[in-house]
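Note that subunit A is present in both complexes that follow, paired respectively with subunit B and with subunit C.
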Partner chain A sequence: MNPAWRHPSFGVGALLMALVLGAALLSLVWTPHDPTAMRIMARLRPPSAEHWLGTDQFGRDIASMVLVGARNALLVGLVAVGIGLVFGVALGMLAALYRGRLLDEAVMRSLDFVFAFPAVLTAILILTWFGPGLVNAVVAIGIFNIPVFARQARAATLQVLAQDYIRAARLAGLSRAAVMRRHILPNITGLMIVQGSTQFAFAILAEASLSYLGIGTQPPNPSWGRMLNDAQTYLAAAPHLALVPGFAIAITVLAFNLLGDGLRDLLDPRMKER
Partner chain B sequence: MALFLIKRLLGLVLTLLFAALVIFLVLEILPGDPAAMMMGVSATPESVAALRAELGLDRPAAVRFLEWLGGFFTGRLGLSYTYRVPVAGLIAERLAVTVPLSLLALGLAVAFGVTLGTLAAAQAHRRADLIIMGMTQLGLAIPNFWFGILLVLVFAVGLGWFPAGGFPGWAADPMLAFRALLLPAIALALPQAASLARITRSTMLETLSEDYIRTARAKGLSRSQTIRRHALRNALIPVLTILGLQFSFLLAGTIVLENVFALPGLGRLLIQAIGGHDLILIKSLVLFYVATAILVNAVVDLAYGFADPRLRVGRA
Partner chain C sequence: MMKPIRQLAGPACLALGLALATLPAAAQARDALTLCQTLEPPILDPSGGAAAAIREVTYGNIFEGLVAYDRDGKVVPALAREWSTSADGLVWQFRLRPAQFHDGSAVTAADVKFSFERAVAPDSKNAQKWIFEPIASIATPAPDLVEITLKSFTADFLEGLAMGDATIFSAASVGKAATEPVGTGPYRFMRWQRGDRLLLERNDSWWGPKPALKSVTFRFISDPQAQVSALLAGDCDAHTNLGAHEAVAQLRADPRLAVTIGRTEGETIVAINNAKAPFSDLRVRQAMAMAVDRRLVNEGAVSGLGTPIGSHFSPNHPAYLDLTAERLVDLARARALLAAAGYPNGFATTLRLPPPAYARRSGEIVAAMLGQIGIRATIEPLEWPQWLERVFRNKDFDMTIVAHVEPLDVNIYTRDSYYFGYQSPLVKEAYARTKTARSEAERREAFRTIQRQITEDQVNLFLFMLPKITVARKGLAGLWPNWPVPANPLAELRWE
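On to the complex of A and B.
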């Protein structure tokens, strides 16, 4: 057995992750019912053989909505982390390359500034142009992620740049761009994946919050956060509505957090026991 | 030291000004005509023109920007478009909910986070540590607003011990008002306490491996005495900085939790302002939030210097 699977955080994280990914993929080809189909005659039903997790206030099948919600959550995480990763790593490496100079200062101070805007507020500002919707939520979370990745990438790049083999590579005639691509990038990838996992979890939580507030994913697209908002209205009559989407969010976030922790330990044994 | 403080203050003022400029640009310049945007597609040209005059949109943008900034000192931030009352008054009124809520949550988070983190470090790799660390993973994974809904389900809908939402106001009955804030504060504190516990544990473990801890133990202090008298103070310094960073998550959290519990705070006001396209109100509220986050971070940065004598500038 690969030792990686025996690491408790990584093992449990990977297992939960497989569950969420499986649900998301399954929802592409099959759901018990049409997640957007309303059946007014079957509103707020408790779990049954036909509707495993019951129905909501419009008679939509909760199980189907939760499955499609997994797809929505993973997509949000992927895009938000993608935005943060691409811009953050590029800016962080650039800043490291020009360490101590004006460009470094300018990039890092502007990123500090971006970081001062909580993602919810950035989403609200973006919403003025595009109206409420999934796109502005994802972009806002992505923007918030940029400084997080940039700081890590800068610090990691500086560490690698100080190594002798970088000087050797430069002496051998490699251009700065080539050094960055061939030597720096592969060396900081592991760290970025670890950070990516944590930010993935953050993105899913943030999107759920925004959708709960009504400024994220819009109906009829199923979103776990949105489902919790609907559920709150019927808390006394149908408490089961408030349980399933919350569990779904918690399991997904837990999966990415554990996976990130596990990867960090596996990539850098020195970080263990901390 | 004085020069350092002046530099920091100057940087702080510039950051705040820049934040105001960005918000002003995004909300008042880039959309083109804020008046048309606020009134929606069904507005008549006359009513849009009337609102434009009320907002003073015929005057130069620079003048409007400076007036708005000045408003934060004179209290003249304009009339809310949906409420038809002064924005400054609305914000002041809502602070009576948001500030106590944030402080209560912060207090709970620090109390539970530091205690559990210290306990975990003291019991490192034993059962108590594993249980506490497992709990913190759950605390980080559970969305705070869902935790709030669950608390309502159990303690309000089920047991009836607490109100499910709403706020009676401090004037009528302070005890009732406090009870109305307790569940949302607990929900808000959950992820913060979890991450504080994890950070406290790791800095505490680091501190416990220092030489002076071994000296303290060698001179006969018990393990818990050593932790209380020597380790805790040193371990908490890094925790303090993290607290500053976490404050912006706490602020964002109040926006969500105030909406879960229907509390008349700034966050609920903000979401209602968005629903009503009230750009005048949104503009000042967003700046208020961002400025608070920036100021708290600056204060924590300075406090950090005072808490750790080694970091006092100019005395190294």
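On to the complex of A and C.
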């Protein structure tokens, strides 16, 4: 067996992750019912053979909504982390390259400025300004991922830049851009992946929070956060409405956090030696 | 010997604990009440703002007018013992009963003149100035006699005077009305802990029969779930209009509580921007009406507790006409109408929704129903200030959902600059007739003409009347089941 699977965090994380990913992929081709079809006279039904997880306050099939919600959550995480990763790593490497100079200071201090604000609070501000909606929410969450990646990328780049083989490469006539591409990027990728999985969990939670507050994903598109919000008023009458999306969010966040933990250990060269 | 004593000690402590636990409720049982309502009034001056919560606390409790609405929406005497009108309907004489303000001063004709002139003054913040606008002059021939002369015959003058906005103040204390109100009603203001509760005490010098309750606490709980918890925990003896419709079944099953489903005056409508294409085309509005099943919206949005309506008029009013059978749901005809209007594939539009749950829930359902005929409505949730600014004032909207809660507010269909952009000479003419009608029958007929016309023109989609869900501890009698005006007259309450 591959030793990676024997790492407990990575193994469990990957398993849960496969579950969520499977649900998201499945929802692309099949859901038990149309997740937006309302059957108002059959609302708030408990789980049954026809509706495996029951129906919501408008008689929509909760199982179908949760499946489509998984797609929504993964998409949010992917795009938000993507934004952070691309801009963050580029800015971080740039800053490291011009270490101590004006450009470095300008980039890092303005990112510190962004980082100083609580992410969800500022996302609320952005959404109030530009209007609620999934796209704006994802962009807002993505922006807050930039400084996280930039700091990590800058520190890691500086570490690599100090190595003798970089100096050798430069002396051999390799351009700065080529050094970045050939030597630095591959060396910091592992670290960025670990950070990415943690930020992925954060992004999913942030989108759920924003949707819970009614400014993220808008109806009729299913979102776990909004399902939780809708469920709140029916807590006494139909607790399954809140349990299902709550459980889905918990599993997904757990999956990415465990995966991140596992990857950190597995990608750490010191761990490999042992 | 020790053992029996120990055995006794347990139950004894338990009994004592139970006695202590039930003590507050028992002490409250006869002449005290905690009445919970959803919204807290911003101020307590009923002539100084439109917020219904002001009058929910003050109407018939702290403040009174010359006349009042009773629980059936009939006009009954209050500070005026009796009244008469001249043959041409222009001169009204009100005979005042002997009554006192809470500060001990007597209520005189001069107070009435002062209050009405203050209400109509240019700097007045009165939300219903129309009540006073027909007044040409107010004379005070005797301390207990008020003579009001109107500019022209006004059929609803007396109804206006029964509203909470036509309260009688004394010039000496009106300045403090917003925070420390001094009125004439059966309850005097004691204390207001903002954000939480307001205390009233029985006014033993009130002119009416002595009310049963000595002290009443209004508590303000806006969160629907917290309202349910407070009722179950006994923190509230009653809630005047519960927000959590979905909890009704659970509360009904509780043997300690009694649930009454009544009606408010809140016509919940999908307001359409009639001045904007494609909604300016009658066929489009008709098609929309044929796609939206108001009975299902009522079920999904307010758990079926509302009353479906087919026009902008309250079933509480005697002139009500049931028009819910007009334009029944017919998707095939709706699509044909859309195609005839030039939209065979429907169109994209927005539905801007204010915060209340009834609006947000109705919005999701209406959007799904419109989707069946190809009208793709994007939902945009707004906060109240945004909604008032963009939708209500700037008319920057396609569709919205809101409840119009003022009683007999069909006059909004005669205002040219009103947000839904409807203009109809026919409706204006009929509305003028409701003001000049000399008989009740004539007046009702005019109201029916308006109802038919706005349904005919399908100005908006008329959904349902917002329900009033009264939940009270068993034994509390006298709460209003319906809200002809949003009010909770405490003098009518008693524990049985």
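The rule is short, and it goes like this: the second predicted complex is superposed on the first by the 264 of 274 C-alpha atoms of A that agree within 3 Å, B and C clash if a C-alpha of one lies under 4 Å from a C-alpha of the other, contacts with A are read in each partner's own complex, and residues count from 1 in each chain.
What we mean here is this: contacts are C-beta pairs under 8 Å (C-beta built on N, C-alpha and C of every residue); 3 or more make two chains touch, one makes a residue touch a chain.
Values in this document were obtained by computation on a predicted structure and should not be read as measured data.
Enquirer: Aligned on subunit A, subunit B and subunit C: do they clash or fit?
Expert: These partners clash in the superposed model.
Enquirer: Once chain A of both complexes is superposed, is A:N187 in touch with subunit B (first), subunit C (second), both, or neither?
Expert: neither
Enquirer: Check the residue A:G214 against both partner chains and state whether it touches subunit B (first), subunit C (second), both, or neither.
Expert: Both partners, subunit B and subunit C.
Enquirer: Once the structures are superposed on A, label A:A236 by its partner contacts, choosing first (subunit B), second (subunit C), both or neither.
Expert: both
Enquirer: Going by the contact rule set out at the top, does A:F58 touch subunit B (first), subunit C (second), both, or neither?
Expert: After superposing on A, A:F58 lies in contact with subunit C but is clear of subunit B.
Enquirer: With both complexes overlaid on chain A, does A:Q159 touch subunit B (first), subunit C (second), both or neither?
Expert: The answer is neither, since A:Q159 touches no partner chain.
Enquirer: Under the stated touch criterion, which partner chain does A:M41 make contact with: subunit B (first), subunit C (second), both, or neither?
Expert: Only subunit C; A:M41 stays clear of subunit B.
Enquirer: Which partner, once the models are overlaid, touches more of subunit A's residues, subunit C or subunit B?
Expert: Touching more of subunit A: B.
Enquirer: Which partner does A:G131 contact after superposing on A: first (subunit B), second (subunit C), both, neither?
Expert: Second partner only, subunit C.
Enquirer: Hey, which part of subunit C ends up inside subunit B in the overlay, 385-393, 421-429 or 475-483?
Expert: 385-393
Enquirer: Following superposition on chain A, which residues of subunit A contact subunit B and also contact subunit C?
Expert: 132, 214-215, 232, 235-236
Enquirer: What part of subunit A is in contact with subunit C in the complex they form?
Expert: 36, 38, 40-41, 43-44, 57-59, 131-132, 214-215, 218-220, 232-238
Enquirer: In the complex, go through subunit B and note every residue touching subunit A.
Expert: Going through subunit B, the ones touching subunit A are 15, 18-19, 23, 26-27, 30-31, 37, 125, 137-138, 140-143, 145-146, 149-150, 152-153, 157, 164, 202, 205-206, 248-249, 251-252, 255-256, 259-260, 270-271, 274-275, 279, 282, 286, 289-290, 293-294, 297.
Enquirer: In the complex formed with subunit A, which residues of subunit C make contact?
Expert: Residues 224-225, 228, 244, 246-247, 249-250, 296, 299-300, 357, 360-361, 363-365, 367-368, 378-381.
Enquirer: Can you list the residues on subunit A that touch subunit B in the complex?
Expert: 113, 116-121, 124-125, 127-129, 132, 201, 205, 208-209, 212-215, 225, 228, 231-232, 235-236, 239, 242, 245-246, 249-251, 253-254, 257-258, 273-274
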